[in-house]
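The first chain written gets the first letter, and so on, giving A, B, C and D; residue counts start at 1 in each chain.
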Amino acid sequence: MKKERFFSVGQLLMWAGCLLAVVMPAAAEARDIKVGIVDTYSGPAAVFGNDALNGFKLAVNEINKQGVLGGKIVFTTRDEQFKVDIGLNVAKELVLKENVDVLVGTINSGASMAISEAVAKKEKIPFIVWTAKSENITGKAGHRYVFSTAENTAMAGKSAAVAFAKKPFKKFWIAGDDYEYGHAIADAIWRNLKKIKPEVEAIGRTWWKPGEPDLIPYLTAIQAAKPDCIIFATGGVSMANVLKAIKTTGMENKIPAWIHTATDHSVLKPLGMNAPEGVMGTIQYHYYYPETPANKKFVADFQAAYGNPPGFPAFNAYTTAQLIAGAYRKAGKIDKEKFIDAMEGLKVDTPVGKVEMRACDHQAVYPMFLGTTKISQEFGGAIAADIITLQGDEVMPTCEEIAEARKQK
Amino acid sequence: MLLVEDLHKSFEDFTAVDGANLQVRQGELVAVIGPNGAGKTTLFNLITGHLKADRGRIRFLDREINRMAAHEICRQGIARSFQIANIFHRLSVFRNVQVSVLSQKKLSRSLFRPAQTLVVEETRRILESVGLLGKQLDIAGSLSHGDKRILEIAIALGNEPQLLILDEPTAGMSPEETASTMELVKRLARDQGLTILFCEHDMDVVFDVATHIMVMQHGRTLIQGTPEEVRRNATVQDAYLGGA
Amino acid sequence: MTRSLILSRSSFGWSAALLLVLLLVPAWAGRFTIYILAFVFVMALLAMSLNLLVGHGGIYQFHHAAFYGVGAYTAGLIAAKTAWPVWVGFCAGPLMAAAAGWVIGLFCVRLNKLYFGMLQISLGSLIWIIALRWYSLTAGDDGIHGIRMPELLSGSVTIYYFLLAVVTVCLLSLYLVYKSPFGVTLRAIRDNPQRCEAVGINVRRHQLLAIIIATFFAGVAGVLFVVLEGSIFPDMLFWVLSLEILIMCLLGGWFTFFGPVVGAAIMVTLRTFVGSVTEYWTMVLGIVLILLIFFLPEGIMGINFRNWSRRRSRRAAARAAEDTDAAG
Amino acid sequence: MESYVTVSGLISQFLVGLSRAMILFIVSSGLSFILGVLRVPNVAHGSLYMIGAFVAHTLAMAAGGGAAGFWLALVLAPTAVALISLAAERLLFCHLYEREHLMLLLFTFALALILGDLTKITWGADYRSLVAPPFLQGSVMVLGTPFPRYNLFLLAVGPVVALGLWLFSNKTKVGKIARAAAVDREMVGAIGINVGRVFAFAFVLGCFLAGLGGALVSPTVSITLGMDHTIIIEAFLIVTIGGLGNMWGALAGSLIFGVSQSMGILLWPQFAIVFPYLAVVIILTLKPTGLLKSVW
């Protein structure tokens, strides 16, 4: 009986949307290798996303000078805004529409694992995680199509444990961000430390909200308990807040503290000369160490291209690009399965020496550097000093452990 | 039918109703008059449950209704209109009335029947009785002010009330509209046997229509009686009608 | 009732045509189109369920995503952690969402407008915190990924048709609700709750019923997300997503029935296609929104009616409005 | 829980909660002011707070990074934010006041999206850190526990701002008009006052407070993108529990929020995050329109 109303403009738009989706060109140039990058380029984590992207660009520019299998490496980026659902959207877009050959990214562990399952595994496309640090990615949730060129919580934890075992500490206090990363790293340290040195003792644990601005009261309480060493299992913005609080409470040089990636310059640089000294940190890359020609060249090129020295995400991304190029050269053709076979056990040159992609769990094997913060006039702020190198196989979970974890799942 | 005894209501810093008494019998047309701020609207809001009295009793058909919520009081058979046009602006005229008929028939929570097939006859009959049938498909918000006020009465009629409370039904109307509205009120009372309680500023209208009048001042009942009794009362003469 | 009585002939025609096109899409569209359309279906259902409250009920449900998350987590956890058939989860998801909606609604319906919204955000955030903090159950902020679906729902085309079917049924049910006496009463409550009380309507009970219905469908959307992506994660219950779906409703036209579908389609399309060109797509969205506010205050579907009323007689406009109660 | 709860720990945690509450108060009082006078839920408030922090950093660095730079930034950053908001108000916002609340919400959301991206374009993604002037660095002993000087400074600033706002809205003509407009805007318009100008003024003042909050918080946290997200939801919850548009309500709400958060951390760290939300639920369940009288 009635009414023709509610469609027309709205419907047209919907149709237009559908059409747009379909008409978009989908063909890929077979000669070039297409890399799809999913990472965070907005919000607080964007600083790491941008750094990684710069490292990747630098490597790709070098690689493309000679080319790979007669073609080039081309890449396209998508911002996942640190959100899992957007990450899935854009990863699928890159794979299903842009037909990328390799997917890389992201800093968000949740998004990495979601993409690993819903895109990499399902679409049989290699996915290389380059910043997210969850050990589950190549651990119990690992599979043929997922790789990691990021150091993970298991490695960070084990390297700290190995380092602590060499020091006279007995009474530890564990504090950190109350989220997955914090707990994972704390568990990894304690698991390994107990194994190496059973007499150690955790006299207390404190967890705070990630990004908690004011950490002074916690540190005061911890100080009162007089531990031999404090383990801070924290990341991102909280790291800078911990360092600020260490400085303010006057804890520096009194109680040794350890934070994974505390010696990263994206953390230390904003603090300038106000960074605390004597804080231990583990990290797989410093732009000032090791002072090898390869590293010096990498830093100089990076500095020239982007105006600031590379951080660990840039190093990870640079390594990732080298691995991709190396694997395709080894495979001899652009084929996903061949690429994966070639990746397994592949060794490439990086600024810190040879890095191997371990075949059993698809985890890049890095040496880890344990350093202690020290103010340097030359750098205008704190840097890592007294650096101890822990070899990759020393800090990695063994292949047997990985197999066991995967079986449990 | 309706009995209000010694009703009190105060807001933070002033007392709006301070000892109101009112009696409405079946079939009467009772007007409440009084100067601005005498507490007429508050009294109505108390009766219909939109406000809760501090003290006093309200009985309707031998039932205490003081403690009831507005929608429960409505179910007892009291419907009302408001001082400002209180209608559903975005809905059509038909829907405006249908909503209240649906509510009366306890159909308003029915989920799986199309509304456009329900209570159509009842709704039309009400619209016809107030003369809005011709505009039933107009959007209520686009009606003229006079029509909005009529629509309000029509919404109230949808509840098949025994007592209809009208809060200044002719406020803001032109003299012609006022006349026709009051004609409508009288006709409703006559044809449908409705008991009507209303308040009104226009004394000519009041004395023309009402069978009984209650005079309020400072929240108190001064007097209640027939128009003649009220006209004769000296207190009212002084306090209120003196100037008129 | 015959169908033509419920759906007017022309809107039935349009809907049938759209449905037909959507049915045919997998025959010629690329895989990504199929996927993103399926994603639009999920968002559209979510936005539609919210709009029952915001657009038709005038209820400021500011944290609707919480119930989407409850539906998804219920279905996802049952699929991932129990041996029960996934269908149990599919049924339990919406029911749990509706139950959560009922409990939270009980607290909230006593409040008005912004107060309602803020209390609702707080209560919804408590659910979010459970998803975020109950590590042993929900795996915390990493979420659970790679949730296996039965063979029946493995191919992307099958998933597409499954989602299309479920969303169509849900939208049809919502349309019935919308056209029902309850729908009419709900819109009356939106326009004037005080008047509704005066005609004997228990406003709070109606609002609560609307919340239960809306959260049920939000739960369905959550289940569909799990079917589509095989993932659950705490962001699904975060208030930012709630704000996004609210924007979808406003963008599409919150006083119309199909508005939120359009809004969801535009948001997802914009995000996907502008997002692939520039990382500043949120700014583009912001500018689009401002233009919309200035030039299309009733949302995209709202424009229709205004044009219509200029072209046709007032009566025809009103008849159209009668159908949707969309007039301004 | 395993944290060491001691009396001095409780006290210092309480003080930390108080100083956090001061920042929350400054930001949410601005939000509340705009809500009260303009009836606008300003989602962009968080973005202005973030911009306040970034501008403060830039100004302090430009002035050499010393104490003078800090004080300069503290004055000029909120002013810059106020100017941005003035532009937004005069160009766009002032045409929309008669729209529905949800539309205004949508508008401020759009503004927040644009400001967020503009911040990213202008300042990039790097973390920034502002240093407090030397005499506000370090700690003093309060009842046996070290308490940061800067937090003491915040404890002093909060009441000053509250007092200033009170004097403004009760002792100045513009303030009185704004208050009257909050209650009955038609009447204010009817007696011949330019309501548009009052609204513009109120909006700019509210945004100034957002900028001030951002500048004040910058020495205690890392200045990053995404700062806007966390603060805005907290500020909205605060003004709601306090009573929409009520400045003292914003103060009460901030205190409840700040203290419940910091005490919660001490008592039940694992679930400290629930305490503020729980406070909102309890308060709104008991008092559905907030603690103090709402102007709505």
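As a working rule, contacts are C-beta pairs under 8 Å (C-beta built on N, C-alpha and C of every residue); 3 or more make two chains touch, one makes a residue touch a chain.
These numbers were taken from a predicted model, which means no experiment stands behind them.
Q: Going chain by chain, each one touching the next, work out the least steps from chain B to chain D.
A: 2
Q: Name the chain pair with more contacting C-beta pairs, choosing from B-C and C-D.
A: Contact tally favours B-C.
Q: Taking each chain's centre as the mean of its Cα atoms, which chain lies farthest from chain B?
A: A
Q: Between chain B and chain C, what is the gap in Å from one C-alpha centre to the other?
A: For chain B versus chain C, the centre distance works out to 40 Å.
Q: Could you work out how far the Cα centre of chain A sits from that of chain B, in whole Å?
A: Here chain A and chain B have centroids separated by 71 Å.
Q: As a quick test, compute the distance in whole Å between the mean CA positions of chain C and chain D.
A: Centre-to-centre distance between chain C and chain D: 33 Å.
Q: Could you work out how far the Cα centre of chain A sits from that of chain C, in whole Å?
A: The separation of the two C-alpha centroids amounts to 36 Å.
Q: Tell me, which residues of chain D touch at least two other chains?
A: 116-117, 120, 229, 270, 273
Q: Considering chain C alone, which of its residues make contact with at least two other chains?
A: In chain C, 132-133, 282, 319, 322, 326 touch at least two other chains.
Q: Would you give the residues of chain A that are in contact with at least 2 other chains, written as numbers and ranges?
A: In chain A, 41-42, 178 touch at least two other chains.
Q: Under the stated touch criterion, can you name all the chain pairs that qualify?
A: A-C, A-D, B-C, C-D
Q: In the complex formed with chain C, which residues of chain A make contact?
A: Checking each residue of chain A against chain C gives 1-11, 13-15, 17-18, 20-22, 24, 26, 41-42, 76-79, 83-86, 88-90, 92-93, 96-97, 109-110, 113-114, 116-118, 121, 134, 136, 141, 178-180, 183.
Q: Considering only the defined contacts, which chain D positions touch chain C in the complex?
A: 41, 43, 92, 95-96, 99, 101-103, 106-107, 109-114, 116-118, 120-121, 229, 233, 236-237, 240-241, 244, 270-271, 273-274, 277-278, 280-281, 284-285, 288-290, 296
Q: Which of the residues in chain B end up touching chain C in this complex?
A: For this pair, the touching residues of chain B are 48-50, 69-72, 74-75, 79-80, 82, 86-92, 94-96, 98-100, 102-104, 107-118, 137-139, 141-142, 155-156, 158-159.
Q: Which chain C residues qualify as touching chain A in the complex?
A: Listed in rising order, the residues are 4, 8-11, 14, 18, 21, 25, 28-33, 35-37, 39, 132-133, 135, 139-143, 145-146, 225, 229-231, 233, 235-236, 241, 252-253, 256-259, 261-262, 265-266, 268-269, 271-273, 275-276, 279, 281-282, 300-301, 303-305, 308, 319-320, 322-324, 326.
Q: Given the complex with chain B, which residues does chain C contribute to the contact?
A: On the chain C side, the touching residues are 1, 5-6, 176-177, 179-185, 187-188, 190-192, 194-203, 205-206, 209, 213, 255, 314-315, 318-319, 321-322, 325-328.
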